[in-house]
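Consider the two complexes below, in which chain A is the common component and chain B and chain C are the respective partners.
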Partner chain A sequence: MQQQKIPSLLSLILKTLRRILTVSWLFLIPAFLLLIIFVLYPVGDTIYQSFLAKGNFVGLQNFNYVLFEKAFPLINIPNIQLGAFPMGALIDNLLWIVIHLPLTVFFGLAFAVLLRDVKGGTIIKSIVFLGVVIPMVVGGLLFRFVYDPDAGVVNALLRLIGLGNYARDFTFYPQTALISIILGSVWIWTGFAMIVYSAGLQGIPVELYEAAEIDGASRWKTFWRITVPMLRSTTLVIITLTVLWELKVFDIVYVATLGGPGGASSVMAYDMYLEAFYSNNLGSASAIAVLLTVLTFGFAAYMVNRMSKM
Partner chain B sequence: MKVPSILKRLTGRKVTGFTILIHIVAWMIALIWIIPFLGVFFASIRPYSEVQFGWWNINPFHLTFYNFVDAWNGISASNAPLSRALLNSLLVTVPATFLPIFVAALAAYSFARFKSRVKDLLFLVLVLLQTIPQQMVIVPIFTMFSNLHLLNSYVGLILLHTAFGLPWQVLFLRNFFSTLPIDIEEAARVDGASYFKIFRRIVLPLTLPALASLVSLQFVFVWNDFFFALVIITNPAMRLAPQIVPVLQGRLILNWSLLAAGAMLVMIVPVAIYIALQRYYVRGLTAGAVKG
Partner chain C sequence: MSTRSTMFDWLLAILLIIVIIMSGVTIYLLNGVYQATIVTPTATRPSITVYALWSGQEEANFKQALGNFTQETGIDVSYYGYTTQDLLISVPLQLKAPPYPVDVVIAPWPYWILQLSPYLESVNDVINASKFPSSFVNPVKDSSGSIWAAPFKLSGKPGFWYRKSFFTSHGLTVPTTYQQFTNTLLPAIKAIPGIEAAIASGDTVGWPLSDTTEGFLMGLGGYQLQLDLETGPSVRNWTDTEVRDPMSSLTSLLTSGYFSTPADWQSQITKLWNGQYGIYWQGSFMTAQPQIQNVSDIDFFGFPGTDGVSGSIDYAVIPKYAPHLTEAKQLVQYLSGADAQTIMVKQGGFLGTNIDVSVTAYKPIDKEVVDFMGKSGMHVVPDLDDTIGGAWQTTFWTELKLLWTSPNQLNQVLNTLETAAIDQQGT
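== the complex of A and B ==
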């Protein structure tokens, strides 16, 4: 009697334990195994490597080197003072944010609001959104084509309006290379902000607009008093994801300018790639990667914290 | 007065000057946004000599498919044919789409149904991992892959894409699972169904729309990825489709027609996926974003 009961109790406990373990924890194992091997360990190793030079611990020396001292530093102070390019890959990323972020957010919101009331708006939205769907190497190539001195639309238009003297391949000149690929990337990324804003617009209760109409509010006033405030959290999400995109940009630079001429349009991700796979300088490459991650991670954490307080 | 009345009959709405204005602006936006695509399209179907000074010059206009044939077959020994690269891309993209979704679904189900303190912490780690740039892992990954002979192998690349896709997919699916009614699952459990059976027979079918979102997004992400492929695949015959774009560009001679045809072939796949699964693609992209 006793002997029979113990094994059955034990097996019951084991069975229950196994059930809980199977589902609750075993389901997590494949995901976290992959994440540990391919993300967490490499992230830790990159941080570790960023403090090493030829196997020796060198403190923050790599960071100082990549930020200020190397041939094309991330922050080129003399050139910044002169207002000349290259100003450094970190500055280029910041310029990217300063120019690209307001333009994409503004166009995204304007297009979403405008196209909501337009017949065929869905088709136009799909056209604008195509830039997000195509590979970014193709996107970069498309606007190189647009800037081509002979075959490109931009220069043809310049010639058409009598500014033919200014016609050139804008990606070839230090003064214009960066700004031209930034503007090209506005063309690529506006669709993202637009599509997210469109989804956000659907979440605004129609009653608010009806009430505003009854009160005789103008379109302009309705837009600023209802649409914009109701889209606040959507805007914060778009800003977060867009800034992350701007910091991580790589493909466009690789295909459109190779960071050139003379590093004038390099960005951190591209600079990191050069340090790692052309200069074989793993310490500096890791230092750039860490700096880039501090920026993406820090910004994301700040924004998430801000959103959670709303 | 006449134009608005025609428009009114066409649109069935009251047409004001404002309505006409926003329609003009809207179609101008469409024109600006489609011009780069038109350029590439017309360059790809015409000989280079005709588009050299602008694809909009329509005199003479000859239709040719030689650009596509050249891009497909590769014009010289140094250029891997795009036919091979497109196949390579499929070989990577298909497993790198379905593997992470399966792994993420298991993890997300666990997060949604069995809560604990430790899991909240793990979940937070997962959310934070979404911000990690590819550059942050590439040096150790390169070393690891070179030791394990995974450079120039699709296995390593597929696993890497799987791991990088997991954070947002688990997050997305956990939110989705949390909205599913738990009653059906509990009824099935009372009937003696195992957890795995419940997961496979009840949860997965209900999750199909969410899975369609994940498939379309992950497929496009992996297909479009350039950086991981660039570092891990260096053997010309094994290169993936996006890697061929800069190769076709050449360094000295720029043949826009050939390049355009290549670009068309590379982007047609994600564009087709987007058109086929548009609703799911957009829903997936905006789901996390709008909720906040």
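== the complex of A and C ==
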């Protein structure tokens, strides 16, 4: 009986597998395995860890701790009410989006449009694009030089225009640290927006511009009525990728300010790093990771949905 | 069953076996089972690897001691200089995931070492604990009596350093009371034409500011205050009046503009030497810095009236799975001994931890530091942030940066430090 059961069980498993699997699926299995081991399992484990403290289930306690209770909470309600820094890493990430996003989109579009038909425009575009090519860590180091009180270009400019009294290392002051690195990183990301917009501009039919010219439309009107609407899907792509970059920004903050002074320029990814590797608190680090994932995933899903409807 | 479906069944069966084997191997690797099977590589002439924080002149000095070790034992030593952040973060990750290339790590954080102790080799049989002055040099020991680190170097933070010629040319005198310091010396330095600030403020990840703060805490609150803060909120809170008072004195000087804006700690030494600052709170390693072109022109004075001085110790630790465990133990034994430390002491900017290091080996200025630390009534206290360590240490560093530029936020700083201390040390 036993001998008969084993082959029949094996053939049943094989039959079922045959039914659900085709050869094409077979070839996908190694990739799926890697995905499970290196992506799905860590994601699942991170979510699981976010509900644990020292191995015990603690419900949402880690989330409450990182959002409101720790020394540098993600949302610092008293400081937000006072308009003082640090307001919390989550708020800082949102400030990144509010300030950095419009500036990079604006400058990216401006460079792409203005340099489209200019002789030597490609060279200038290449220079602007250098910001994207250099490693973010180098970008962060550059900020430290840019804002250096003695050798920095920003303070040299201030002295040049007679505002030497205001010359200082802006990354050292809680009121200016965050804005300093945000403004500095506009240069880093503008190249990306410019290149994508340049590609988008290539896709706009020339006939539209010719027709507008025949109709006597001004360049300004042509820009607003043809260029901007035709670049809508490009803009959505840029916004999506830029916001995702702003949500997960880490290296620039790490190198330029270490999230300081007093946590004034911290961001969620940096807070997660501190919780994991300085506090050895995997539960709260996982809670920040989950929050970050929810934010990025939610935003990405919304934007992809919008794009698919266009 | 057709031949084709039989082949397909076989293919599926083979694939299942591969999946099972791959899963097994993955689980085996993820669980770190292979740690137990690490084979120590053998070489005809052993070569070991050391990680530490030193660069520049301090690295060159250390390499002299290592060179002597190689001569004596025939063991080559490769040195890798790490930044504070890299050593704090990446070394624990390496030690938790062997194999790794490092045999000896030198670090100044007792808390960090104790946290890493499951991944370290005990040095009980490597060092002679009786050779270290027990009053201020404690090997990192756990409750079971295991010693996890060998004290190698002592860095005293004796006080404010200054150029003798600068003081002489401007008619400045060393203060003996805090009133003289705040009412006479600082205003006098500030009034000198071309001076940027009376006191230089050094920056790295934060530690030079922490040393200055410790100077104020002990100078105005006593050495016991620092010891209590190291014990944690169960004994002393950061929001207590005993802490707030000395911190208020510090912020009062910050508000008066006596301190410079923090900048790279080494470039600040250059500025001190060039007469852009009058005084600079630094450790005894100051004299080994290349910016000090003439060591006989540099001197220091302790915080007026203080009864405590911070002492930071650099410890040598051996990772449990060091590729050359025997040779690593030899090196640590050598570094904790008098021979290596005498070589280091003779080069300057280094205070030995071993009692057999002769006082005659010290340069005059280093001997002055040793005498200051050993004088009657003075207590050498472990460095505050190195002792507490962990997330509190980074919080302390970043909060002090905030305090230096926004001294009016003292309350917020103390509250944050208290919250971080409770998080880490409990109540």
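Criterion: the second predicted complex is superposed on the first by the 286 of 310 C-alpha atoms of A that agree within 3 Å, B and C clash if a C-alpha of one lies under 4 Å from a C-alpha of the other, contacts with A are read in each partner's own complex, and residues count from 1 in each chain.
One rule holds in what follows: contacts are C-beta pairs under 8 Å (C-beta built on N, C-alpha and C of every residue); 3 or more make two chains touch, one makes a residue touch a chain.
In this text the structure is predicted, and so the values were computed from the model without any measurement.
Within the superposed three-chain model, A:Asp251 lies in touch with chain B and out of touch with chain C [touch as defined at top].
When the two structures are aligned on the shared chain, A:Leu82 is found in touch with neither chain B nor chain C.
In the superposed model, A:Asn280 lies in contact with chain C only, and not with chain B. Taking chain B and chain C in turn and counting the residues of chain A each one touches, the greater count comes from B.
Applying the stated contact rule after C-alpha superposition, one finds that A:Ala211 touches neither chain B nor chain C. Of the two partner chains placed by superposition, A:Val228 touches none, neither chain B nor chain C. Of the two partner chains placed by superposition, A:Leu60 touches none, neither chain B nor chain C. Of the two partner chains placed by superposition, only chain C is touched by A:Ala264; chain B is not. In the superposed model, A:Pro174 lies in contact with chain C only, and not with chain B. Of the two partner chains placed around the shared chain by superposition, chain B is the only one that A:Ile134 touches, whereas chain C remains out of contact. Chain A uses residues 37, 148, 277 to touch chain B in one structure and chain C in the other.
Those residues of chain A that touch chain B in the complex are listed here as 19-20, 22-25, 27-28, 30-32, 34-35, 37-43, 45-46, 49, 111, 114-115, 117-121, 123-124, 126-131, 133-138, 141-143, 145-146, 148, 150-153, 156, 187, 192, 195-196, 198-200, 203, 219, 233-234, 236-238, 241, 244, 247-248, 250-251, 254-255, 268-269, 272-273, 276-277, 282, 285-286, 288-290, 292-293, 296-297, 300-301, 307, 310. Looking at the complex, you find that chain C touches chain A at residues 5, 8-9, 11-13, 15, 19, 22, 26, 88-89, 92-93, 115, 205-206, 261-263, 390-391, 393-395, 397-399, 401-406, 409, 412-413, 416-417, 419-420, 423-424. By the touch criterion stated above, chain B contacts chain A in their complex at residues 11, 18-19, 22-23, 25-27, 29-30, 33-37, 39-40, 43, 51-56, 103-104, 106-107, 109-111, 113-114, 116, 119, 122, 126, 128-142, 144, 159-160, 162-164, 166-167, 170, 195-196, 199, 220, 223-224, 226-227, 230-231, 241-242, 245-246, 249, 254, 256, 259-260, 263, 266-267, 270-271, 274, 278, 281-282, 285-286, 288-290, 292.
Chain A makes touch with chain C in their complex at residues 11, 14, 17-18, 21, 26, 29, 33, 37, 70-72, 148-149, 168-169, 172-174, 258-264, 274-275, 277-281.
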